[in-house]
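Consider the two complexes below, in which chain A is the common component and chain B and chain C are the respective partners.
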Partner chain A sequence: MAEAAGGGFSAMKVVGIGVPLVYSLTFFAAPLVFLVVLGFWLVEDFQVVPAFSLENYLDIAQHMFAKSNYALAIVQSLWVSLSTAFFAVLACYPMVLAIVYVAPRSRHRLLLMLAVAPFWSSYVLRLFSWQILLANKGIINSGLAWAGFENLQFHLLYTQIATRIGLIHYLAPILIVVLYVTVANIDRDLIQAARDLGATRWQAFRRVILPMSRTGLLVSASFAAIVSFGDVLSGALLGGGVGSSVLGSVPLFSNMIMSEYASSTNLPRTSALAMILVLVMVLMLAGGAALAERGKVDVG
Partner chain B sequence: MASAIRPLDPLAADGRWWRTAGRLYMAVGYFFLVLPIVTMIVFSFQKGQFASIPGQGWTLQWYGKLFADGTLLEALRNSLIVSPLAATGACVLGFLAAYSIHRFRFWGRGAFSVLLVLPVLIPPLILGVAFLGLLSRIGLQGQLLSVILTHMVIVTAPAMAVIQLRLGQMPSSLEEAAWDLGATEFQTLYKVVLPFALPGIAGGWLLAFTFSFDEFIVAWFVSGFEQTLPVAVYAYIVGSVDPSLNAVGSIVFALSMLSLIGVELLLFPILLSQYRSADS
Partner chain C sequence: MNAVSDIAPPPQVDLELRGIAKNFGDFVALEAVDLSIERGEFVAIMGPSGCGKTTLLRIVAGLESMSSGRLLLRGQDISALPVHKRSTRLVWQNFALFPHLNVRRNIAFGLTLGRHDKAAVKAKVDEIAELVQLGQFLDRRVSQLSGGQKQRVAIARALVTEPEILLLDEPLSALDAHLRIRMQSEMKRLQQKLGLSFLYVTHNQSEAFSMADRVVVMNKGRIEQFGSPEEIYTRPKTHFVAEFVGSNNIFDGKVVDVRDGLIMVQCADAIISAASGERPPGKGSTVSLVVQADKVRGHPIGVAGENSLSAVLSGREFTGSQVIYYLETTGGGEVKMVAQEPFSQTGRAAINMAMQLYWSPADTVVLRPNIVPGVENMPGRRSYVALGT
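What follows is the complex of A and B.
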């Protein structure tokens, strides 16, 4: 037994580690490394040619504040993804509190299954469904008019509000599961103790449940922000590409990358834009982590 | 929901108002969650190109149009080639990796598992550009094979996670007994470990299949003219308003409900069960 379980080289070990490792290096690590390299290559006569040139980056830098206006698109992306993350968590957290503390425990599994159900239908098709719901003469508006609310009409489609609705609907099942795991694991005796000691329901929430949900809230908020920042579908189909927001009709950066590639098929330049997206995302995460760290110091 | 007052529930002891608010909020939340799905199913049977209320009568014409047209059906066929193969490949890689991590101690074991999980943490948009960059250098872009190879990278992590959970439930005495009785490494794997891991592999397969079946942006970059279903649907939506999409959506939803039932039967028992005793 010791021999079989121990170290040394066995055929099994070589295959078991080797095959996934080689696959992962070839089709995952290599493309990512190549993405960095490709950003410095050029396109000549519709052919990608190896080079070491900063032209892509210099050109993007020139258009940062002019013409394509990448900077504005990046700000739009940050604004939409951060606010989406905020509202997604704000909407899902009470939902999870209601499941955990209001619904009887025997129903939890059913309620979770129901919450996850939308995740198993196609995302693109759900967005189409939101399109016909939110359209100016769509189901919601025509339904409102039919019910006698002719004056209550929403013009949401092709705005970044619609983008956020699509994203929140996409994120909600995942966030609900993550937050459920957090909240369901909070020891009920602690809440009972707080209540016995005279805390009101609100105080028990504020002083016990909320601090203990902290990690779950942070994890789900950063997850929501990353997914929203990298998503192209909701911005394209519900935001209409150049959805309006308080910043004006500006596309999301992710949509800009996609539509630039679709129109130019200039892969080196697209790679350079993708690298910038990675950079902004890393900065966003680092900023978030720093804020979370500071919040921790404040509380403790 | 008869609300028997249970003194053990600290937040529910006397908070009728809170309970009502909680129920109301849940009702609104679930309404929001199912709204687009119900819309899709209802309006796939509704006359009138532009969906509105009140309805314009029932019809099967959109299903008829869908089957007569064929572009979306062909994309569905492509997806039904790509996703099962990608899921199967992901399960092979996921099982090998999960088993190695479970069985062996080796240098770089931590880095090895991080490497395999990493693809789900990187935005698919980035992966799509990166995959296309490399594949187009080696002439592998624009085929169903390119989608299969790249989807395998993305869906290995979820498949592996489920298989790892299952392997974690395997008592080590099971393998030891097989070795003691003279089974070779391979025989042990084939006759003992694999049968035990099978529910995990099946659950992982379904999860991988679902992720691959719904994946858009990577397929958009690498598939070229061999569109998978989400890519074709996207092109369709951008081009026109066509309730046939509701028909596709309803069919796809029916398919995924089947896989959801499969997941419910295979995945949840694994996720919820505790460490099994040796006799299982």
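What follows is the complex of A and C.
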């Protein structure tokens, strides 16, 4: 028994550490290394050849502000993904507050299930549905016209607004779950203590619930921003590839990589572009983490 | 606040509870509780878990609604006042400190909700922190504090808002035994210094008895007894109180004789006599007799007229200042005896030794059955109330 406990413990340790290690090596580290390495390779006579060359990166650098204008695409992507994250959290947080503080506790599970339900339908299918809704002669505009609002017509499809709508619809279930965990874990005694000390409902929210949700809000916002930054489908199907925003009709960086991947024969160069995308994501993650950390140090 | 005057002013009532009732569906948590707390009084509510004591406290704080009844705070009806408008403050069992704020901001919380002068808030926080000896911890995070310090922050946070009464919900139960005893005296001193009324909920008898001016014993949503600790200890009014107060022996029996200011009760093991009081129960009526464990003795030998009971020693518990003896009567009942001098003759008593126990009829409290319609009148279970009080 003692032997089994001692031996079993170390075997458990090996399995416990080994399995996630192998998993992340296979499905995360290996493809990433492949991408990094490929970015340094070259194409000669339509053949990919191993090399250690910065040529791809130098070429991309030359096109940063000219011709393809990658920089503008990155800025467009940043603008769309950050604003998407902002509006996604803005939409989901009140929903979570309503589930936790308005609905009776016995209904939480059902409401969460309902909130998460859209997640079980196909992402592409959801985007197609939005196309039908948002098209110039789509359901929303036709409905408005039918109701007599002929002058109130929205031209949303193939703009970055439509891209954001598709992304928010995609992200909402995940954000709701993340935020639910945060808000549901706030000790209710603290809210009651604030009320007992003279706080109105609004003050209890402002002074206790909101600051205690801070980490969850930042985590979900970073998650939303990173996913939006890397997403291709919403930008292609709802944004039309070069959807317009306040920055003009500029494609998202991810859509640009996608079309280069589809049209060009230079896979190493596309890999180098993808590496830049990954790099920006890492920077976004670091930014989110830094914000969360600052909240911890700053005591109020 | 703690003005001392030569002429004793008439007692002012701080908090008055009139017929407070609370139902959770079919469950009656509180049935018409009446209670009145005087200015500057330390009142402890004591009772087993589920007796409604915390519900009562939360109703006073405004955190729980009541089914019926009225609440008056310093003469003003606060029944309809929402929680944040009441000048009552609650101190929580788990402290309920805000983890995202440091000690200073925790204490200042209640002062910074409305329009406020920052310098005045700082001065007030500094003053109260000095009072509860938290001066050097003001910039700490809450997670860096010990249990006792957390409790002081919780009390300071409530006191700094100058409440008209402080409500405390088992505030010491999260602390270890040593700290609890230190905090007890600290809290009592603080309460006397401020002259503020404390309504203190606890399930701990020694806590209630050592701090409170008056103690409320609650059971099943009703007040069983309200009086000074001495009164509750020596003169329990009901069977429940006699049992709950721990060191009492209870004998059930039937009255067989009433004479010379004494009643004789036939119990399982012996005829026990007790002072009859003003309205003695009639012959044949069922009563319970209560005698405190420290009124029972093994020696010296009892004099004529004293109660006497033979029993066998079954266990002994040495608590330092005293010894608790557990004895078994011939009828199988358990009797407790507390002796102050552990190294006396009885102190060396051996297990299974036969002993004769004595106590005076004057120390025997008579409870008679209290037949009221309610939950406690389950078959085979009766509640008893004291005679002539």
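The rule is simple: the second predicted complex is superposed on the first by the 263 of 300 C-alpha atoms of A that agree within 3 Å, B and C clash if a C-alpha of one lies under 4 Å from a C-alpha of the other, contacts with A are read in each partner's own complex, and residues count from 1 in each chain.
We adopt the following convention: contacts are C-beta pairs under 8 Å (C-beta built on N, C-alpha and C of every residue); 3 or more make two chains touch, one makes a residue touch a chain.
Computed from a prediction, not measured in an experiment: that's the story for all the values here.
**Q** Scan A:Met281 for contacts with chain B and chain C and give back first, second, both or neither.
**A** After superposition on chain A, A:Met281 lies in contact with chain B alone.
**Q** More residues of chain A are touched by which chain, chain B or chain C?
**A** For chain A, the partner with the higher number of touched residues is B.
**Q** Given the touch rule stated above, what does A:Arg207 touch, chain B (first), chain C (second), both, or neither?
**A** second
**Q** Just chain B (first), just chain C (second), both, or neither: which does A:Gly198 touch?
**A** second
**Q** Of the two partner chains, chain B (first) and chain C (second), which one does A:Val246 touch, if any: first, second, both, or neither?
**A** neither
**Q** Return first, second, both or neither, reflecting whether A:Ala66 touches chain B, chain C, both chains, or no partner chain.
**A** Neither: A:Ala66 stays clear of chain B and chain C.
**Q** Could you say whether A:Ser24 touches chain B, chain C, both of them, or neither, answering first, second, both or neither?
**A** A:Ser24: touches chain B, not chain C.
**Q** Starting from the residues of chain A touching chain B, keep only those that also touch chain C in the other complex, and list them.
**A** Residues common to the chain A contacts of chain C and of chain B are 192, 195, listed in rising order.
**Q** Can you list the residues on chain B that touch chain A in the complex?
**A** 1, 8-13, 15, 18-19, 22-23, 25-26, 29-30, 32-37, 39-40, 43, 50-54, 92-94, 96-97, 99-100, 103-106, 112, 115-116, 118-119, 122-127, 129-137, 149-150, 152-153, 156, 175-176, 179-180, 185-186, 188-189, 210, 213-214, 216-217, 220-221, 229-230, 233-234, 237-238, 241, 245-246, 248-249, 252-253, 256-257, 259-260, 264, 268
**Q** How about chain A: which of its residues touch chain C in the complex?
**A** Touching chain C from chain A are residues 187, 189-190, 192-200, 203, 207-208, 211-212, 214, 299-300.
**Q** With touch defined as at the start, can you tell me which chain C residues reach chain A in the complex?
**A** 61-63, 83-85, 88-90, 92, 94, 96, 98-102, 105, 109-110, 113-114, 141, 157-158, 161
**Q** Please give the residue numbers of chain A that touch chain B in the complex, ascending.
**A** Residue list for chain A touching chain B: 1, 4-5, 7, 10-13, 15-17, 19-21, 23-25, 27-32, 34-35, 38, 48, 91, 94-95, 97-99, 101-104, 109, 111, 113-115, 117-118, 120-133, 135, 137-139, 142-143, 146, 169, 172-173, 188, 191-192, 195, 201, 204, 226-227, 229-233, 236-237, 254, 257-258, 261, 267, 270-271, 274, 277-278, 281.
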